[in-house]
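Two complexes, one shared chain (subunit A), two partners (subunit B, subunit C).
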Partner chain A sequence: MTARRIPWVLIVFLFAATIPWVGTRYDTFLAEQIAIDALFAVSLNLLLGTTGLVSFGHVAYFGVGAYACGILMKTYELPFIIAFPAAGLCAALFALVSGYFCVRLIKLYFAMLTLAFSQIVWAICYKWNDLTGGDQGLPEIPFPNLDWMSSIPGLGDLRTNEQFYLLAIAIIAVCLAILYRITQSPFGRVLTTVRDNPERAAFIGVNVRAYQLAAFVVAGTFAGFAGALYGIFSRGVFADYVFWSKSAEVMIMALLGGIGFFWGPSVGALALVWLNQWITDFTQYWPFVLGTILLILLFAFPGGIVGGLHDLWIRLRGRRRA
Partner chain B sequence: MTCGSDCEAAAVLEISGLSKSFGGFKAVSDVSLTVETRQIAAVIGPNGAGKSTLFNLITGHLQPDTGKVLLDGRNITGVAPHRMCRMGIGRSFQHTNIFPKLTVFENLQAAYLVHHGRGANFWRRSDSLYRTETTALLNSIGLLDQEDTIAGTLSYGNQKQLELGLALASDPRILLLDEPTAGMSATETENTIRLLERIASERDLTLLFTEHDMEVVFSIAQKIAVLHQGKIIAEGLPEAVRADAEVRRVYLGHGLVHER
Partner chain C sequence: MASSLLFSQFMGGLTTAMFLFLIASGLSLVFGVMRVINFAHGSFYMLGAYLAWQGMRWFEPWIGGFWLATLFAAGAVGLLGLVVERLFFRSLYGREELYQLLFTYALVLILGDVAKFLWGVGQLSVSTPPALSGSIPMFGTVQPTYNLFILLVGPAIAFFGWWMLNRTGIGRMVRAAQMDREMLDALGANVGLIYTGMFVFSSFLAGLSGALVTPIQSIVPGMDVLIIVQAFIVVVIGGMGSFWGTFWGSVIYGQVLSFGILVFPSFSLFSVFALMAVILIVRPWGLFGRPLK
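Presenting the complex of A and B:
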């Protein structure tokens, strides 16, 4: 049990915060990508692992957040401190409207409707030139004004993108803490009853659809936050970000890390981004490698990386006791 | 209870003229039934007599074609299941219905959280909430030593006990049990009956259950209604029902006084 007491999360966060100093520019770039993907994947897992809702269209809320933040900051020149919450709000509202319809369907039909909504978002982003830049996208989204950060001793020497990295991981840490708190709350517990057995949940007094919708909105909001950060991080928002294959990618991250554990999807994001970088150095057949990894994972470690490690830990502990 | 001496005979559940057809098949036709406060009532009948359909009509899982269901005089026909649960109807299902991936403790604690309207709280930690109530209920249904077991790995009999606990956590006025001893061994059946009897008297519960095992029925029911081809063919005290010529004909005709 003593191993449980090690504050892994804090250690990882502190380590991540030192990367601009100890790592290369490319390390910082990768770490930021991983952190944003981690938030995106954990938000999806509130639906997938906690509520038992398989959404194939989670990228829609990521995209709404990215575009909302990008448009507000570039076109309307609003500061980040307004644009960022507004992006979450837009994603939440869109999740409320689309979720209202989606939770009326079950299983595969639910999944297909979420996919349909995400393709609608993609089509709008791709075609509405005046607002979204259409197929040209929205390049050159400005960084937030980070002058206040430069006045903090030690941070003044960093480049703007490194300062933004620190801001981003701080925001992501707060978002993940909130999501964690939610999964540990009474609301989170009720979501697990809906996942396990909706019929029984209704007969302990749970309004199943209302809870599913609430989970959908919360997950959408945090996906929106992830999207908003991603738009600034990659210095532009493009229709590609909203394409449905992105939904598959984030779902693979969640499965790879393990949907039965809160931190599983974060580990999946780390593994996938890192594997992608590492393997593309050797071969151009990344999708082939990814497919093989997934295949092995689904059959040998259905609990994902974290699930596999957890089982191993239980087995080792059992052996030590015996 | 605030009512006086007439409380004893007050009807908790009143069903009148309930009918339901699937296609051309009349699964339940014109069923009326009254269950009084603290009564233990049973609906019996051969397989396919319409017992489960009747239950699903009462609990809102199915919409009746005609007829009404009253709870304490209030019309609850076709109310959504989660509302019905909050109004005071607890139910167990024929096929065991628990939360298999949660622990036994978490199962019951979740039911308490929802019953006390705390389900929308997304900020407090849930660990410490309703511990006393949950532990007391676990003790009462005899699962205290299994509180950390993942519910899906419990034995069949224990899962049924847990399901009873889930129904009890919402502090129901009336408990509807669909074949509470289905698939149980003789010992498990006996234990379950004793448990039901004890809990019903401890909590002043009204009980309505379906059953096909005659021994179970006659050992605890105070009132029996016999359902046959969707209709009630006899209703009354156990002895009267047992002596009823029509009931004997139906059961003997099917050769299943003891179905299993």
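Presenting the complex of A and C:
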């Protein structure tokens, strides 16, 4: 059990923090993309893996966070320290309202209503020109004021985007640690019970819908945080970010890594972003490759990468004992 | 003046509705029988359009070239449906809905790229068949004959679907499969064959609607993911699995979109999504559907 005590979040974080110095600017860009996608996919997995809710509209909360942060920082020129929590709050509120209706429905109807809400968000983002910039989106979202970072020795000679990278991965590490604590807490255990057997959970006095709604709001909040960071990282927020196919992409990330494990979706994010870079170098048919990977996953490795490694590990250990 | 504007909005909405019905009816059938949302239905529709264009290149000089091309496209997509169902879909019936949804999404990704690979990313278009290329004056407006033809095809398919489901032996089997798959299986019916048949028929309809839309819409990559959302809304409004529900759902969708543009120009898209959300909240099984167990 001692192996479990290794603070993996801290190790990965420290490793990631060295990338601006040891890697190229492109490496930093990729690492930031991976980190943000990892937070997004892990937040989805709180619903998908932990609570057993198939949300097909998780991108809505990512989008609400991205637009809220972008609008506050660009249009209202508020500082990041206010805009970022506000983005999470907006996503949480929207998740509370939409989730209230969604958790009343079961299975496929739940998936459909989440999809419907995400398309409503898309329609608003796409058409409400005054607020969201419509189909032009919101370009040129400013970086937060990072002068305080420049005064820290050793960080002064970094570019602004590298300083923002450090800030982003620190925030993401904290968010992931919180999400991990949540899944390990008694609350998280109840969510797993709700997933495995909602009827029995209800019999032992668990308010199933309330727990599902709570999970929905928490997942939405962290998706909102991921979206807020993504808007600044990609220097703009566009309606394309909220289209329904993006929800499917983040589901593929979670599934590729393995939805049965807390860290699975982050491994999936790493693998998918890296694969995307590697494959788009020599073919434009990335969706074809992604679809093929998805087929292989669904039919051959439903446990994903982490699930596959886990099975392998169990088998090796079993053989050694025998 | 004002009334002719209203009439042309009404007719425009009705034409949209009939196309959507052709597409959504297949989606609704597959949902009703197999309890699966087939995202790839939009891709089948797109392939139908591309195949119709391809067929036109071969058959255009012949008499009735457009109709041959349409049949060719619908048949080819139906065949594709057969292959997909037999090879892949079949093994997913017992699995969780997450895997089924993502499987159909994998098809969306793959078929979208296959279409790009075969036909490029440019716009393609097909000319209206000569017999229907004119237009007819009606109530101070001019309606293209082809649109009027579509207004006949929609109800014809709806009637055929209703007749097949409610007045034939096959339809009785399909309705039984909707209600209780295991029981039907235990009674000795070949449920697998029914599923395959329904999937092929649904793909055929998708291919047919893709082919029929080509004279009035250009064929572009991305038409698959756009149409599936609309078809999905229609099916949700009318009721998953209900044939007439899908028909009236399309009519409502078409009219809301058409008149929504007059009232709130920039929010007509929003109004249909909002309508869908309200229906899912109040009656998740749709206006004409029945609740699932």
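Methods note: the second predicted complex is superposed on the first by the 313 of 322 C-alpha atoms of A that agree within 3 Å, B and C clash if a C-alpha of one lies under 4 Å from a C-alpha of the other, contacts with A are read in each partner's own complex, and residues count from 1 in each chain.
Heads up, the rule we're going with is that contacts are C-beta pairs under 8 Å (C-beta built on N, C-alpha and C of every residue); 3 or more make two chains touch, one makes a residue touch a chain.
These figures come from a predicted structure and were not determined experimentally.
In the superposed model, A:L255 lies in contact with subunit C only, and not with subunit B.
Contacts of A:K127 after superposition on the shared chain: subunit C is touched, whereas subunit B is not. When the shared chain is aligned, subunit C comes close enough to touch A:T292, but subunit B does not.
Of the two partner chains placed by superposition, only subunit C is touched by A:F117; subunit B is not.
When the two structures are aligned on the shared chain, A:N145 is found in touch with neither subunit B nor subunit C.
When the shared chain is aligned, no partner comes close enough to touch A:T280: not subunit B, not subunit C. Comparing subunit C and subunit B on the residues of subunit A they touch gives the larger count to C.
Subunit A makes touch with subunit C in their complex at residues 48, 54, 56, 101, 104-105, 107-109, 111-113, 115-117, 119-120, 123-124, 126-129, 243-245, 248, 251-252, 255, 285, 287-288, 290-292, 294-295, 298-299, 302. Only residues 59, 80-82, 84-86, 90-91, 93, 97-102, 106, 109-111, 113-115, 118-127, 129, 163, 166-167, 169-170 of subunit B touch subunit A when the two sit together in their complex. Within the complex formed with subunit A, the residues of subunit C that make contact are 35, 37, 39, 88, 91-92, 96-99, 101-103, 105-110, 112-114, 116-117, 225, 229, 232-233, 236, 266-267, 269-270, 273-274, 276-277, 280-281, 284-285, 292. Those residues of subunit A that touch subunit B in the complex are listed here as 181-182, 184-190, 192-193, 195-197, 199-208, 211, 214, 218.
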